[in-house]
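In the two complexes below, chain A is the common chain; its partner is chain B in one and chain C in the other.
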Partner chain A sequence: MILKPQTLDIRIILHFLGKIILGFGMMMVLPVAVSVMFGETVPVVDFAIGLIASISTGVLCILVARLDKHPEMNWMHGMVVVSLGWLVCMVLGAIPLYLSGHWKTFLDACFESMSALATTGLSLVQDLDHLSHGANFWRHLMMFLGGQGIVVVALSFLVKGGAGAFRMYVGEGRDEKILPNVAETAKFIWLVSLVYFVVGTLLLALCGHLSAGLSLREAVFHGACIFMAAFDTGGFSPQSQSIIYYQDGLFEFGTIIVMVWGAINFNLHYAIWNGKRKELWKDIEVRTFVITLGLVTLLAAAALAKGHVYGTIIGLVRRGLYQIISAHTTTGFSTIYSPQFILEWKSLALLAIIVAMGMGASICSTTGGIKMLRIGLIAKAFREDVKRFLMSDSSVVSTKFHHLKDMFLDDKLVRSAALMTIAYVLVYLFGTAAACFAGYPLLESLFESTSAAGNVGLSCGITQVGMPVFLKVVYIIQMWAGRLEFVSVLVLGGFIVSCIRGK
Partner chain B sequence: MKRRLGFCLAAVVIFLAMGRLCQAASSQELIAEAKLFDGAHVLYGGEVIGEVLRRGDHAWINVYDGDNAIGVWVPAVLAEKIEHAGSYKCSGDRIRLHGIFHRACPEHGGGLDIHAQDLLVVEPGQQIIEDLDDRKILVLAVLLGVLICLLMVRIFLKKRARK
Partner chain C sequence: MNRIRSIANIIVGICFEMVFAAAIVLWGLVICGVAFLIYR
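Up next is the complex of A and B:
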């Protein structure tokens, strides 16, 4: 028998939902400041509307909940708050975008908003090159917020740490705490991110000004936006041509460094901060990433070289390897035009980039996709099974791996990794089937679907303003579910069913 | 004034003559038929967007024709002609250029680009005046009213709970 949620459950959910919305809404002060700095008037009004709408919604949720005592949150509450919070933030974040007039419909603005929050990078913006600095900054800031986690924002400032906070933290697709207290973990994530933000912005601004030829003011703005999009493996860019706009090898190299740095597990960042640099080379995730990156690069390079797609080694690196790294870190920056994937890349190279997008990078980072830890564990389990067949029946085979500490591989870990891998593959196929149904060819459909669900953002040309509405909705769901790693989305589904059919 | 007009007429005549030798192409055609156009002289036009990115005796400009923006490598002397680049506050100069198209330029790391040989500003860009919709101010005022009411209710409820 399904139990109907009680009023108290709904009030607890509304209370924390309100806090998340408040935390998210307050962030709209930043694009207002950017608009003022660049002397833009209309965007200030657009963001003021978004800001007040968000704060009003947050306050309304908290008022309706009206909890007298500090509420105790269970797993169901945490998961529902997170999955619902992401949807509400998508809608609220889309308000100033839609008001700017650069998105044809409100659904397109919601698509952009979810793509930013989920650090995907697929875009439905029109005439991006004339978008205000304020709105452009907001697109990138949403990536930064979504990458670190909207819940992390709320946890840092508005929610006290505890078991309930940890449940929301897990619901946002992170299952590893860096510090014993989850609020301290959230604060550490912000500290690291802000320090990297300052250093990364300065370095990219220097590259942009001295090497690419941007004016100093634009170099700083582009540096900040590109850093947020690269470190959070999001992939938006301030201009419509993505990284092609800068026409500069050094700037591209700078983005590669930031993308790879952003693809590393936050626990490893913590270890590096504490002087344990050796952890970086010992960890199973980093090792798996290096191996898989080498393999997909080899495949793509072989295919591109055989087809004489780029005549020089530098061309192969700047147009071929760049796309592979961008795909594997699930960033989505591009140094080639979207249709070139299908028109010029050979099937094998396309396969390599789809596999790279599907695999993703580290757990507890801002990347999407299946993730390296799971791939590494499954590979180790395969090796263990083969070993078992080769040795005598009486021998005991055990496999060790290093992920933050030395661990033994057990069936429970492998089962959980395999289940999540299957879930991702099914979601990739679901999006592929939807695009095929809309009339797109199989390879393009697989490419775009993997890019959406893996939160990558590379496009082969399907994601356009004119694409079918149902496909836009499918991609929004894929981006949302892929970023939250399914569990909280499934719990929200269960919660809705229990509200309707429960007794 | 007469000299200026004469110069413009001469430039237009030269461009028309080149048009017979070069093939006019849109960005979509250049990207979709890149192999066909590779190494060919092309005529391409559109709005200059972003900034003029100066690199010594040359510069990069990005020219948007309504579908895509394509990078154009121009001698610095030609880049001097561009006074406005498109942004939020400004529409960029609309230009028409003639140059060699590269599908994967060996000089510029395999990028798709055009090396311009000549460039003409067809329509100068201008400042865009911001237009604030009155309805937005109305919505803002209503929302502000709603927020103030909600905050007052919250303060009232907190006071009552304390009592």
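Up next is the complex of A and C:
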């Protein structure tokens, strides 16, 4: 029998949902400051409307669901708060975008907002090159907030750490704590991100000013936006031509540095910052990343070189390798135009980039996709199974792996990694089927679907304003579910069913 | 003193990660180079 949720359940969910919305809404002050700095008046009004809508929604939720004492938040509450929170933030974040007039419909603005929060980078904006600095900054800031996690934002400022906070933190697709207290973990994630924000923005601004020829003010603005998109492995850029706009090898190199920073597990940042630098070489995630990157690069480079797509080695690196690293770190920056994937790249190179997008990078980082820890564990389990056949029946094999500390590879870990991998593959196939149903060819459909669900953002041209409405909704769901790693989304589905059919 | 040491550790850590990222590019460059030379 399915039990109907009690009033207290709804109140707990609404209360914490209100806090998340409040934390998210307050961030709209930052694009207002950017608009004022650049002397833009109309965007200030757009953001004021968005700010008022967010703050009033948050306060209303908290007031309606006022809690006399602090009841314990269970797993169901945590998961529902997170999945609902992301949807509500998508709608609220879309308000100032839609008001700017650069998105054709409110659904398109919601698509952009979810793409930013989920650090995907697929875009339905029109005439991006004339978008106000404030709105452009907001797209990138949402990416930055989504990359750290909007629950992490709330945990850092508005919610006390505890078991309930940890349940929300897990619901956001992260199950590794860096410090014993989850609120301290959230604060550390912010510390890392803000330190890298300063270093990365300076690095990119210098490249932009000295090498790519941007004015100092524009170089700082572009540096900050590109940093937020690169470190959070999102892939938005302030100009419609993505990284092609800069036409500069040094700037491209700078973005690769930041993308790789973003692809590293926050736990590893913590270890390295505490002097344990050997952890970087020992960790199974990093080793798997280096191996898989080598393999997909080899496939793509062989296909591109054999087809003489790029005439020089520099061309192969700046056009081929860049796309592969961008795909594998699930960033989505590109140095070629979308149609070039289909028109110029060979099928094998496309397959390599799809595999890279599907695999993603580290757990507890800002990347999407299946993640390297899971791929590494499954590969290790395969190797052990083959080894068992070669050994005598009486021998006992115990396998260790290193992920922050030495651990034993047990069946439970492998099962959980395999289940999550299957879930991702099914979601990739679901999006592929949807695009095929809309009439797009198979390979292009697979490319775009993997890009959406793996939170990558590279496009082969399907994502356009004129694409079917149902496909936009499918991609929004894929981006949302892929970022939250499915569990909290499925719990929300179960919660809705129990509200309707429960007794 | 501890604070200075932790700030120094952070700076060295950031430089170390920058070198790691550069090594990733170098790794890719070697593979691309080999592929390019084979199919030249």
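In this section, the second predicted complex is superposed on the first by the 503 of 503 C-alpha atoms of A that agree within 3 Å, B and C clash if a C-alpha of one lies under 4 Å from a C-alpha of the other, contacts with A are read in each partner's own complex, and residues count from 1 in each chain.
The criterion applied here is as follows: contacts are C-beta pairs under 8 Å (C-beta built on N, C-alpha and C of every residue); 3 or more make two chains touch, one makes a residue touch a chain.
Since we're looking at a predicted model, the values are computed, not measured.
Participant: Touching A:L316 in the superposition: chain B (first), chain C (second), both, neither?
Facilitator: both
Participant: Is A:K412 contacted by the first partner chain B, the second partner chain C, both or neither?
Facilitator: A:K412 contacts neither chain B nor chain C.
Participant: Look at A:A53 in the shared chain and tell me whether it touches chain B only, chain C only, both, or neither; answer first, second, both or neither.
Facilitator: So A:A53 only meets chain B here.
Participant: Figure out whether A:I272 sits in contact with chain B (first) or chain C (second), or with both, or with neither.
Facilitator: In the superposition, A:I272 contacts chain C only.
Participant: By residue count, is chain A touched more by chain B or by chain C?
Facilitator: The partner making contact with more of chain A's residues is B.
Participant: Per the contact definition in the header, classify A:K503: touching chain B only (first), chain C only (second), both, or neither.
Facilitator: So A:K503 meets neither chain B nor chain C here.
Participant: Thinking of the overlay built on chain A, is A:L343 touched by chain B (first), by chain C (second), by both, or by neither?
Facilitator: Only chain B; A:L343 stays clear of chain C.
Participant: According to the stated criteria, A:F253 is in contact with first (chain B), second (chain C), both, or neither; which is it?
Facilitator: After superposition on chain A, A:F253 lies in contact with chain C alone.
Participant: On the A-aligned overlay, A:W261 touches which partner chain: chain B = first, chain C = second, or both, or neither?
Facilitator: second
Participant: For A:A305 in the superposed arrangement: first (chain B), second (chain C), both or neither?
Facilitator: So A:A305 only meets chain C here.
Participant: Intersection of chain A residues contacting chain B with those contacting chain C?
Facilitator: 316-317
Participant: Using the touch definition up top, name the residues of chain C that touch chain A in the complex.
Facilitator: Those in contact with chain A are residues 6, 9-10, 12-14, 16-18, 20-22, 24-25, 27-29, 31-36, 38-40.
Participant: For chain A, which residues count as touching chain B in their complex?
Facilitator: Those in contact with chain B are residues 38-42, 45-46, 48-49, 52-53, 55-56, 59-60, 62-63, 66, 68, 99, 129-133, 212-215, 218, 239-241, 244-249, 309-312, 314-319, 335-337, 339-340, 343-344.
Participant: Which bits of chain B are touching chain A when the two form their complex?
Facilitator: Listed in rising order, the residues are 31-32, 34, 49-55, 59-60, 62, 64, 68-69, 71, 86-89, 91, 103-104, 106, 108-113, 128, 130-132, 136-137, 139-140, 143-144, 146-147, 150-151, 153-154, 157, 161.
Participant: In the complex formed with chain C, which residues of chain A make contact?
Facilitator: Touch list, chain A to chain C: 195-196, 199, 253, 256-257, 259-261, 264, 269, 272-275, 277, 280, 290, 293-294, 297-298, 301-302, 304-306, 308, 313, 316-317, 320-321, 324-325.
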